[in-house]
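Letters A, B, C and D mark the chains in the order given here, with residues in each chain numbered from 1 onward.
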Amino acid sequence: MDLPLKGIIPPLITPLKNVDRLDIPGLERLIEHVLGQGVHGIFLLGSNGEGPSLSYVLRKELIERACLIIDGRVPVLVGISDTSLEGSLEIARTAAKCGADAAVVAPPYYFPLDQEQLVDYYRLLAGKLPLPFFIYNMPGFTKIGMTVETVRMIREAGALGIKDSSGDLFFFYSLIETFKDDPDFALITGTEMFLPDAIFHGGHGAVPGGANIFPGLFVRLYEASLDRDLEEVEKLRKKVMDVYNMLYSVSPHPSAIPVAIKTALAVTGICDDYMAPPLQRMNAAEKDRIAAFLKKTDDLSRLLLDHNA
Amino acid sequence: MDLPLKGIIPPLITPLKNVDRLDIPGLERLIEHVLGQGVHGIFLLGSNGEGPSLSYVLRKELIERACLIIDGRVPVLVGISDTSLEGSLEIARTAAKCGADAAVVAPPYYFPLDQEQLVDYYRLLAGKLPLPFFIYNMPGFTKIGMTVETVRMIREAGALGIKDSSGDLFFFYSLIETFKDDPDFALITGTEMFLPDAIFHGGHGAVPGGANIFPGLFVRLYEASLDRDLEEVEKLRKKVMDVYNMLYSVSPHPSAIPVAIKTALAVTGICDDYMAPPLQRMNAAEKDRIAAFLKKTDDLSRLLLDHNA
Amino acid sequence: MDLPLKGIIPPLITPLKNVDRLDIPGLERLIEHVLGQGVHGIFLLGSNGEGPSLSYVLRKELIERACLIIDGRVPVLVGISDTSLEGSLEIARTAAKCGADAAVVAPPYYFPLDQEQLVDYYRLLAGKLPLPFFIYNMPGFTKIGMTVETVRMIREAGALGIKDSSGDLFFFYSLIETFKDDPDFALITGTEMFLPDAIFHGGHGAVPGGANIFPGLFVRLYEASLDRDLEEVEKLRKKVMDVYNMLYSVSPHPSAIPVAIKTALAVTGICDDYMAPPLQRMNAAEKDRIAAFLKKTDDLSRLLLDHNA
Amino acid sequence: MDLPLKGIIPPLITPLKNVDRLDIPGLERLIEHVLGQGVHGIFLLGSNGEGPSLSYVLRKELIERACLIIDGRVPVLVGISDTSLEGSLEIARTAAKCGADAAVVAPPYYFPLDQEQLVDYYRLLAGKLPLPFFIYNMPGFTKIGMTVETVRMIREAGALGIKDSSGDLFFFYSLIETFKDDPDFALITGTEMFLPDAIFHGGHGAVPGGANIFPGLFVRLYEASLDRDLEEVEKLRKKVMDVYNMLYSVSPHPSAIPVAIKTALAVTGICDDYMAPPLQRMNAAEKDRIAAFLKKTDDLSRLLLDHNA
């Protein structure tokens, strides 16, 4: 894996038939779908991948299968976040064995912690991990945001980069400023809408949930941002905004994004729409709204048709 | 187990030698310590028991060992809270096999959820659990508080009671009002200081972390509250307040209570003070402050000496 | 005014005909209503009194009129909370001139502040106030909660007591513990449901919004709590809980309590139901629900009939 | 005033000699300082202007003096936010009389409100205001954020634009999308660091606190953003970031930004550093750090020297 990690790295949803069964053909189709449209890496078992909702058996099977299918075509990152250190390491060992390139680690999300405890945890983990790691900043789910200083100290403990899903672009800009002389440390935004801003100002890439559905859209937006082609950026950003406003608002529940993504993939025939508890698949009316959006948005659909052809 | 569950049910800390090794003699001493002073039940693998920080192997071993030692002397409740439904069930099956009386279930704590999703989750779980269950309301750790209506619906799905650690006594009073005609549904407070208020107004018991160290103090406070002996209640409450103010404020970090409890038990020779990551054992200076408090508080110490004798 | 301040001190709603006109006959009826049922003090221009929503002209007129009507029968406290120090002092000077006994001061509620800034503010204000003052802890409205240590320091600057509307009974118990050797410092709860608990454990009184409607109910609950008559307390608490559950849940909006109180007073013919912006009077359907509750609750109504007779 | 309002509109700090006295020569120097470097408007009595901390007398005097000094050279906006509707209108009438161009209105910030109450409040106010108005979204201070739909409805009630200080760039982008066919509605960011992003994607301007000190820096950043000159933008953004990181972090207290700005202006001889309570002027050590930063940052200082020359 070249450093820093760059580009569009979809946080792959996990196709499931059931609470303890992968949708393996769906997984194959999904991986070919995103690779076929040029993504630069794949991130397994993040929030969109429902990592924390899956049993260890299922997480390991997903890693094995996905690594086999991807087969080295792009770097593979694996979410190992868990409230149990041993649990994290168990998943990390599987990831290493299967040839994944790096682990992605959010803070343990049960006990409230402070910044010092966070840094200590990452240091402890770093000494035991069988593969390199990225930081995953996701305060909405883990109850703790990171300060720039904390990220700096975890970098010293060996982190290769950070996926920032705080939604706080100011924090991301502060990271860019802090790590400007450390070109191998990857600054990756988890907020789709901030992709161009992140790239303009020195960030390296994005982990956009929507890239499960429209990988090419995000790849082109990334490239246009790199080229500083503001006109093209505006055009593509509007599509990303449409996806956001139309797809992600269909479910009235929190944690609606992974559900909307999986439903859209089901509607387009890529995989099953089963969600691991506590999330739930959409009802018929919601599914229809997703389908209607996909049908209506002609050029977006064409991106999908490319794939289905 | 008689319904409703009543009395003092310590949320047992988990004595550990190491990240993957129980302190078994410590566990034996701790269980005899609390049983010897008259507690009415034992709750394994709650927050104080560091449940979510332990590997499944360790959680299962703890359940087996503790059930063997307790040997039916009091009801045993087992925390099965997990972000993975399958993980929860795995622990629950071990608990059932070992003869535990009930599971205790907090909401899954990774994805933000709403009340409707919560109720659906508990319904789904209730249909699969091999033993009865209690609700565990712990919004500070799970990011979601429960409404009274949600508790009512989970009661309909089969819950035997609720352990409320919200710290919101008003909510607890609303539960008392709501369930006044449902005498088998146990209303248990997780806030030590509210034990007398809870009992005065119709609650059934408490799960006080401090009962790991001073089980007799809480048993006596429970009995004085039942007797509506306000003078005795005041005397004992002051000791509980002392424990709270002196012990729980020693660590400057969040999640300080389980650390203080385990340190106090180590100081009194009951068990090791190893904390599973992400929590950490106290440093020497902090440990000294714990020891000084225990030494100073003469009559509290005597409660301990009773045990050590 | 005897120290410490004790008993039931209704936070008087402000009867209004219009955005800039008092409902003076309503004010007279309301004051006679609460005094006639034995309250121990009156608190003007608190949150229930819509203090911050009123122009200075109106606030001053209210103070003058109310002081004339009360005419020394009970101590009068006046809310002077404002974001402008000069504004606070202007109201305080009117209160002093009209013979009010004390000011009640919440932290200035625009700029986020820390504890140190809070203490400094109270010290500055204390040096300029023409009358004694009470602290008003209302984090839900002011964005800042007070620590026990902060209260201790403001006590040193001269505060006569604290009205705690944090809803955090644990904090209130900590205040009781902290000020146990300072018998003149009044600990007054702003949470109706906690009145008995507050009194049992050493608090001095309550500022219950519901005492605008049912002053006698709260006076009796206070007395039963003083007498430690737990049976009577339970009976009366259930009525308070009814009021809470039925009246305060009628409006679907935040800040529903002052609106429900004023509507109930309008329904019983005591005063107009005009609310100063940004709050709004209830619609007809909501008003009907309030009326239905008041009619149904026979013995509560009788308390009101006492007054209307 | 041309619509939509555009460009750099400093939220002018209010130079004070004392709690009830303006620093009038300071006000003159400050206004000439910002006008001399090309700002496009001036916003009086916002958060940086300490509006809510000042007495009405002082607020009115400030408006009169400032309008006289500005004398129509740029549009003048006046913050009228207050918890009292009458108070807001009183300030608005003064602003209209003095020839100000528009009012700026944050939600009333004492009672918690919901979106419906917000919209109703703005509608009521709009019907009574003697001059046009802008919305001020400042959830960190008012406790309530606005939804896009709320902004849309207040636009219908007559708002000319919104100053968004939520710090949530995603929300700002949603506003841009929502109002793309309403070219007269001004979208103004209150977050300095987001100025280029706001302009690139269709926003109209910024209200940067730092433009009190370095007006020219922000004017040039605005122009470079309009020109889509990404290289120049990066250069200037770094300076803005420096200001942010160095100046605004000097005070350890919340609400540190207005204090840092006023101190910097005092250090450069523009005005007094008195802060209205509850804010406080910096201590000597903090002031020295501000001075050192200003001295060190050579080219920034030159911007100031331009002025002092």
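We adopt the following convention: contacts are C-beta pairs under 8 Å (C-beta built on N, C-alpha and C of every residue); 3 or more make two chains touch, one makes a residue touch a chain.
No experiment lies behind these values; they were computed from the predicted model shown.
> Match interface B-C to one of A-B, C-D or A-D, accepting only the pair for which over half of the contact pairs are the same residue numbers.
Same contacts by residue number as B-C, out of A-B, C-D or A-D: A-D.
> In whole angstrom, how far does the Cα centroid of subunit A sit from the Cα centroid of subunit D?
Centres of subunit A and subunit D (C-alpha means) sit 37 Å apart.
> Measuring from the mean C-alpha position of subunit B to the mean C-alpha position of subunit D, what distance in angstrom results?
Taking the average C-alpha coordinate of subunit B and of subunit D, the gap between them is 51 Å.
> For subunit C, jot down the residues that touch at least 2 other chains.
Not one residue of subunit C touches more than one other chain, so the list is empty.
> Name the touching chain pairs, please: which are they?
Every touching chain pair, ordered by label, is A-B, A-D, B-C, C-D.
> With touch defined as at the start, can you tell me which subunit C residues reach subunit B in the complex?
Result: residues 167-170, 173-174, 177, 191, 193-194, 197, 200-201, 228, 230, 234, 237-238, 241, 245 of subunit C touch subunit B.
> What residues of subunit A sit close enough to touch subunit B in their complex?
19-20, 47, 52-58, 83-87, 90, 107-114, 116-118, 120-121, 124-125, 140-141, 143, 253-255, 276-280
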